[in-house]
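Shared between the two complexes below is subunit A, which pairs with subunit B and subunit C, respectively.
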Partner chain A sequence: MSTTFKKRNIFLWLLALAFITPIITLFFLSFSKNWQFPAILPKQFTLENWRYLFFSGGNIAPSFVISLVIALSVATFSTLFGFIASKYIAYHKFRSKLLMLTYFPFALSPVIFALCLKFFFIKMSLTGNVEGIILAQLIIAFPYSVIFFTGFWSQKIKQYEDLVATLGGTTSYAFRKIVMPIAKSLILVCFFQCFLISWFEFGLTSIIGYGKVETLTIKVYQFITEANIFYAALSCCLLILPPVILLWFNKKFIIQQAK
Partner chain B sequence: MFLQVNHIQKKYKDKQVIQDVSFGLEAHQTLSILGKSGCGKSTLLKIIAGIEEQDNGHVLLNGKNIGNIKSNERNIVYLFQEPLLFPNLNVFENIAFGLRIRKLASADIEQKVEEMLDSLELKEHSKKMPHQISGGQKQRVAFGRALIINPPLILLDEPFSSLDVETRATMQQLYKTIAKKFKITALFVTHDLKEALLMGNRISYMDNGLLEIFESKKAFIDADKTGVKSEINFWNNL
Partner chain C sequence: MFKKPINIISFLLLFVFAILPLVLGFGFAVAYSFGLIGVLNKGFTLENWLALFENNDVVISFIYSAWLAIASLTISVVVSMAIAINFNKKFSKGIYSYLVYMPLAFPSIVAAFFFAQFLGNAGILSRICYQLGIIDKIQSFPNLINDQYSIGIIIAQFFLSLPFFTLLYTGLYQTERIDDYTKLANSLGAKNRQSIFRISIPILFKKSFPNIVLYFIFKIGAYEVPLLLGRSSPETVSVLAVRKLQKFNLYDIPQGYAIAVIYTIIILSLLMLVLKTNKNEYDI
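Moving on to the complex of A and B:
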């Protein structure tokens, strides 16, 4: 085994360790109780935290479901509408001006952006409910999706569409049979990214949700401010679960398909 | 005339790409259109195919004005510079594409595609994906995909320009054979002098948005602007 190879292996192991250690620590903390300074290990290892949060008033399960519903809705709508809108923007004569507008939500921090929008959300009775949060998060995720897909609509895709038309196919036929299959991997990646944007969103959700809609991210912050590291660690474990599943799905299906 | 183009004009922003183009073409004939890049030849084909809209003028096919007919209802196939095979479909499905749009029975599709694969010598490649075949084979598949729906008019926009010299010569011969076999009516755009002379029953030259059709090959060779004379001089003085 060459020295370079050994060095590379050590570096990869260190990198993997750097990624995995925090996750192991979180799981370790979620099963712990009574860990007081200067003790090296907690006094107790128990399932009590998990039991409390799921079955005895911790309300983690409903938060998990709410987060899942919000993230799936935001990912679905933003990917779908972003894909369609990006096509019209990409072929529009004012393409660069319209694209510049899509960067606007990212110019401000989400908290300031939410405060700017709050007035309109109150007027439309969209504060403190799931629909309002979905809409607020769409304001961030939709432009992201548009930016993500704009590069896809190249001259070549336009030529494919024109070719289908001269062969007798309608625009929708070209979309279903050629454009969608070509874009399939990109659509899945965008869905995954938008899901993550929504899943970890805190600023917009706390301001528009008024504290009435408790997503998993909001819960984590609550536990942290309560200085309950065990519950916070447990919620974090749940928080990373769906992205890990999506990442696995991404790797298994999209990367394998590309190969 | 089978195809009649009357006073077509097209402007992009400030540039008049097509000034005033009129010509006619009989059925089962191929008209070569020679011209430099940016002279408006591709735009002319796209207008005839219905992909672009003209500012003025008419296109008549078999005496019928097709100006208001959508490109997918014109039954005129446009072949791009690149073969543009659909990357998600194999060779068989690429050729069958137009037939599937027309909702033919599966047995009919299979029979027609098999025949087409046979005449294009592509039978052993039918299950291959586009990235698994060569440039010349891709172009043959593109031809097959266009011919199988039996369009009254085919528009070829420099279809062999991306091929190497040898493959190009083979494809030119193949085109001549299938043009005869399938009685094709076509407009063949090229910037290659030799190709223009080889492919067309009639030859035209496009420059600055204006098209001139020559009476004969001799008239085309004698005209200074086509560059045939200077080409001959070059080889003679070598």
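Moving on to the complex of A and C:
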């Protein structure tokens, strides 16, 4: 075995280790108790943390459901609205200027953006509730969705639609039979990405939610500040589990996007 | 402009969810920072802006944020380029093509928490070092989180951005047919090293430059990782703005909004520059 071959393999093993260590560590910690220095492994492995947080007043299940409701709502609305608005931008004569305007809110730090908008959310009674967080996250996810779909509305799609119209088909027929079948996989990917934007969101949620709406990311932060690493690890596991599963299933679509 | 009702709906969506929040948010921050609105403000004044620049905190904060973004991005770009050039086939299919997605499933706050547990003084790395006899007590382990060189933040941000650049470069490696170019160069007598440094890297870097700058723009505003793994001084822009705007001193609020104004102007100017110079690279 040559030295170069060995080096390449070591590099690959290190990479694999770097990718899987975080997940394994977090799962280990979520089942742990009594993890004192210098022991590498905890003294005790237990289901107690999971049992407490789910069944004995730990309130993690409601947080999981709230996060899920918010993420699904944001993903649904932003994908739908983005798909509609992107067509308008894509075929507009000021396409590049409109697209630039769309990029602006997406590029800003969500937490700073939220601080600037907090006053208006207070005036509309949209702070400290789920509706307010959904609206605030839409302001971040909607631009992403528009940018994502603008590339889809190419001249080729327009020509297909024109062809249907020439052959006597209605706009709705062209949409149902031509546009939707082509866009289906992209819509799925966009939905998934917007779900993740919302699912991962912390800064904006903490500002607009005032800490009253306890999403999973807010819970993680609470546990970290309380120095309760086992509960924090458990919440982290719940946060990364859905994305891991979704990523696994959607890898094919994402790779197509990346290309 | 609005030949069809759907165009009116589209424009309204764009206005309500993208343009209006930006105008309102920025307008509010500008007005507050100049004393035009706000509980303790008494009319137009430059006092808040002058007070902001009385010390170097803001300038240092912007430089620090930029430095963190550049440091983590540089490592990400170098490592992912190395992966794309050396292991393109392995990362295109098979187990590695799945593993590379793992960090994408990590929210920033989870990554920050993990690295706090991994790199901290009582963390996993420190325990391994102790068991191997490299250190003899907990204090002997170097500070890798909340440290003066921000090593923890840089590593966490590198971890979060690695899959993005790896996917980008492995994709570019194939679409730009770099393999064909390097084979051609090798057949004309170029050494491996020459074809990497004169063909592969320049093509990959040039093609990915707009993405690198866009990623830099996003990373300047990073909040969760510096909040958990950083020190109280210097602070990143987001952490500093939140501290000024959310804490108890009401006189700090106008300064917090002034920081938000400066941040917005810098980010939007950078973005305009990138988008104007790369007119064909707008789409995600």
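In this section, the second predicted complex is superposed on the first by the 235 of 259 C-alpha atoms of A that agree within 3 Å, B and C clash if a C-alpha of one lies under 4 Å from a C-alpha of the other, contacts with A are read in each partner's own complex, and residues count from 1 in each chain.
Rule of thumb we're sticking to: a contact is a pair of C-beta atoms (placed from the backbone, for glycine too) under 8 Å apart; a residue touches a chain by one contact, two chains touch by 3 or more.
What you see is a predicted model; the values in this text were computed from it and never measured.
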Partner chain(s) touched by A:Tyr210 [first = subunit B, second = subunit C, both, neither]: neither
Which partner, subunit B or subunit C, touches more subunit A residues: C
First, second, both or neither for A:Tyr52, with subunit B first and subunit C second: neither
First, second, both or neither for A:Phe175, with subunit B first and subunit C second: neither
Contacts of A:Pro243 with subunit B and subunit C, given as first, second, both or neither: second
Partner chain(s) touched by A:Phe27 [first = subunit B, second = subunit C, both, neither]: neither
Contacts on subunit A seen with subunit B and repeated with subunit C across the two complexes: none
Complex contact set, residues of subunit A against subunit C: 8, 11-12, 15-16, 18-23, 25-26, 29, 37-40, 81, 84-85, 87-89, 96, 98-105, 107-113, 115-117, 119-120, 138-139, 142-144, 146-148, 150-151, 196, 199-200, 202-203, 207, 217, 220-221, 224, 229, 232-233, 236, 239-240, 243-244, 247-248, 251, 254-255, 257-259
Residues of subunit B defined as touching subunit A within the complex: 46, 49-51, 70-78, 80, 82, 84, 86-88, 97-98, 101-102, 145-146, 149
Touch list for subunit C against partner subunit A, complex: 6-7, 9-11, 13-14, 17-19, 21-22, 24-26, 28-29, 83, 86-87, 90, 95-111, 113-114, 116-118, 122, 124, 126-128, 130-131, 138, 159, 167-168, 171, 174-175, 214, 217-218, 220-224, 228, 237-238, 241-242, 245-246, 256-257, 260, 263-264, 267-268, 271-272, 275, 279, 282-284
List of subunit A residues in touch with subunit B within their complex: 156, 159-160, 162-170, 173, 177-178, 181-182
